[in-house]
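Have a look at this one.
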């Protein structure tokens, strides 16, 4: 081949490498950006007066007088809407039967849409479900609700070869010439006065309990459940992993039994996580009967078996990287082997072991499949070791971030209504894992510093 | 045999060491002693005595088994898989490789300083206190006493007395090596083994270690492995020359360096090989 | 033992001397010590082998609960039929479609992850300067650290609607993005080989003509392909394509880091030998480094496959969970269903107290998964051993 072409091919080859790395970085960016941006929106958003009312009534937060004054102002702005509805009702009373029948459906739909936007009318009885007691608490939701008030969706079936195409039809057309005709312009123009959106920092999203299946409130039970499951897994996996690593590095020879043991450990590392879930169910719950059904304990044990090989491998590496000279120095001073391990080798390898542990914690925190059958429930209150007996709390099932992300995103009855909660959960989980990984990187940097002096 | 061109300055203090010292005051006796790595012999049927309270140097080209011999004395070779010995190595009145020897107790009497300074990544105080701590001394005041005395003996006290709680890895290489000496002295051993203690140090630190050896001479039995012949000549009373595992020659340092009996010794000390 | 007394020595604290144990142990003490050491080691061994015991337990329990299925129903039904109606009466448990679903997704993601991952690894180990490499490492670490449920959520909530609404356009852009560099390379190589056959005085002209011809042909082909892709209508965003892309991204860190290790293990001497013969970097890597690291890269691919096959959340959330064989079988735009998702999804509904066939079929699937991953694990270990032997001598 010609030299010029060879050089060109060489360049192109490097270019392909750069493109791959670029694609990898881009996919990371593409995945993280919506999670970060919209997840951030669970904490910082434009809250309406309904949000502040909810916070006041449910969590007793905010200045009562101020909020009530604001609520009065907002209700005054809403008054014309209700007056128009009432006027229309009188108008309908005067209509003939057939004409009235025609208006009844649309009016019903309109009132429902308005209720979703503004909440129940002040003079109505308080609804049972919390989700019905408040209007739109977030301005981004409110804007969608305003669209629901202004437009209704119809399907266009004119092209028979395809599925129906949704078309938005202004509701104002339904009420031409009635008392309600002016309502739509009014809602569109005065929405901000009726709801009074304001930038809100809702940090307590993290530490609030949830109200009415995550319609309002925060994600504390999930966060706490994840933390407990992770810690529980580490309590079992850390000592086992470190002891195994000590044995493998310091005592085990090169025998056939040991190499078999190593194969087993790497097999354990490759077992699919869902199989761990089945194993946890079949072994810890159905066979050992450590608890009657799903529980924090069973979930922790299952996660512990999952992260055990990771902990062993990391600890092994950390112990192996301790210079032999330390070992020799300790032994030459008359220390027994075990003593040398405990007093010199383990302290020196501690940062390395911790690095592995922290990374394993990230893995345990994010795993979903193993806890589906062993620990996780979709709705539950935050675990509280202080109030109930220790054992009882251990044998309770718990919500956990990964499971509830799945649950809220697929099985919740109003998936679209609580997108912000889902994104908030994903954001929290990803941040948790990233913080753990950053800690690991920090620890790793410290090791090299410490070992080199 | 022509006299080797070797400049030798024997200090006054060592001029009157009798040639018979190893026979009269033996501390460590090797009798037909061999060390094997698997089937390879690293030390072959070595026989000589290390005299009590004096400094004995072991020299020889690299790979001659001198470090292996030294590490055999406090059984550090036990760490190496496949390593075994034949013959006798007697410390005091006990065979070091006897069946009932308590290796930990042996190592508490035979301290060791390694080629590279190897302080633990702990504070200076904890480094020195490590040995006494193992012996069960927990009293902080008593430990402080031992630490101070050991650091003084190792001529390091003045330099570190204000920063005993600093990490030992922050010391310079020479200071680290003296710390290792202090650490070995803290359990008050009878014997101090030094495995090329200055090979990783600069000349000034080397001088300080050599001065230290001179000071410790008389109090401890010292065996030092070195491939620096000048150093062996400067610090030792007796010298053993090992070559390919065999003991070629053993005798008063002065004699070995000025009037070697063996051709190989002469070749080595005159720099013809090694 | 007699001691030489020196003034310095007399200060030696009695505390130390008293605490020193005797050099000689009594026979009893020595035996006791040996017993303690042996007991300690045995205890350590037992604790260590508990992970082996866990593996055996996993195999045992999965097998134990899978066996009744094959007694209740037949293996032929399990693997030979694609009629999956676990709740009908009588129920049917043909899992062929589910196995094929797993295979399809694995295939798709590996086709994405391996070229991308290996070329990224090559770039990391041989092309990028040290500083940049350090900057790319965290990207890989973060990709590996993101929990699978977050990937699944992204696939379901962000990616699936995007595919559904503008999937055709996305695909046509992808056709151009992937096609242009690859086809460009092919055009250059082809026209070069055409030119090589011509007599030397016509070579330069022939090369240009061939390049132009092939170039026009390629652009036309790509245009047709992208038009075709743009015209595609994606009925549901939760389909095999979606899942394959996301799983491919998830497998990337494994593929990249393992194959980078393999490439790094190829010594500098080998590379320098090739450079010394006048080879360019690309030729060195393609002809010398990659063949030498071949089995290591194979291990990376196997580990990537393991990661993909065992993944649950992404496929459960975003594959559409339809137990059907796509038509035609390689149609990635149709929803599919995988083994892991079936286990996760059906376990909650299967009655695990009475032990119905529906409960046991899930264990039979888990057993299949376990067998596959065990085989992959053994294969990768074997491959790594071969690699190590090859590099050693």
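All chains are identified by letter, namely A, B and C, in their written order; residue positions are counted from 1 within each chain.
Simple rule for what comes next: a residue touches a chain if its C-beta (ideal position, glycine included) is under 8 Å from a C-beta of that chain, and two chains touch if they have at least 3 such contacts.
This one's a predicted model, so the numbers in the text were calculated from it and none came from an experiment.
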Output the touching-based chain groups remaining when subunit A is disregarded and all other chains stay put.
one piece
Grab the C-alpha centre of each chain and report whichever is closest to the global C-alpha centre.
C
Looking across all chain pairs, point out the one with the most C-beta pairs in contact.
A-C
What's the distance between the Cα centroids of subunit A and subunit C, rounded to whole Å?
26
Just curious, how far off is subunit C from subunit B if you go by their C-alpha centres, in Å?
54
Chain centre separation (subunit A, subunit B; CA means) in Å
63
Overlap residues in subunit B, where contacts from two or more other chains coincide
104-105, 108, 135, 187
Touching residues of subunit C toward subunit B in the complex: what are they?
1, 3-4, 6, 8-9, 11-13, 15-17, 19-27, 29-30, 33
Using the touch definition from the top, list the residues of subunit B that touch subunit C in their complex.
25, 52-53, 91-94, 98-102, 104-106, 108-109, 132, 135-137, 142, 145-146, 149, 153, 187-188, 190, 218-219
Would you pull the subunit B residues touching subunit A in the complex into a rising list?
74, 76, 79, 81, 104-105, 107-108, 111-112, 114, 116, 118-122, 130-131, 134-135, 167, 169-170, 180, 183-184, 187
Within their complex, state which residues of subunit C touch subunit A.
40-41, 44-45, 47-52, 54-58, 61-62, 64-65, 115-117, 119-120, 122-124, 127-128, 136, 138-143, 145-154, 156-158, 181, 184-185, 188-189, 192, 196, 249, 252, 256, 280-283, 285-286, 306, 309-313, 316-317, 340, 343-344, 347-348, 352, 362-363, 366, 369-370, 373-374, 376-378, 381
In the complex formed with subunit C, which residues of subunit A make contact?
1-2, 5-10, 12-21, 23-25, 27-28, 31-32, 34-35, 240, 243-244, 246-248, 251-252, 260-261, 263-268, 270-279, 281-283, 286-287, 305, 308-309, 312, 338, 359, 362, 365-369, 372-373, 402-403, 405-406, 409-410, 419, 422-423, 426, 429-430, 433-434, 436-437, 441
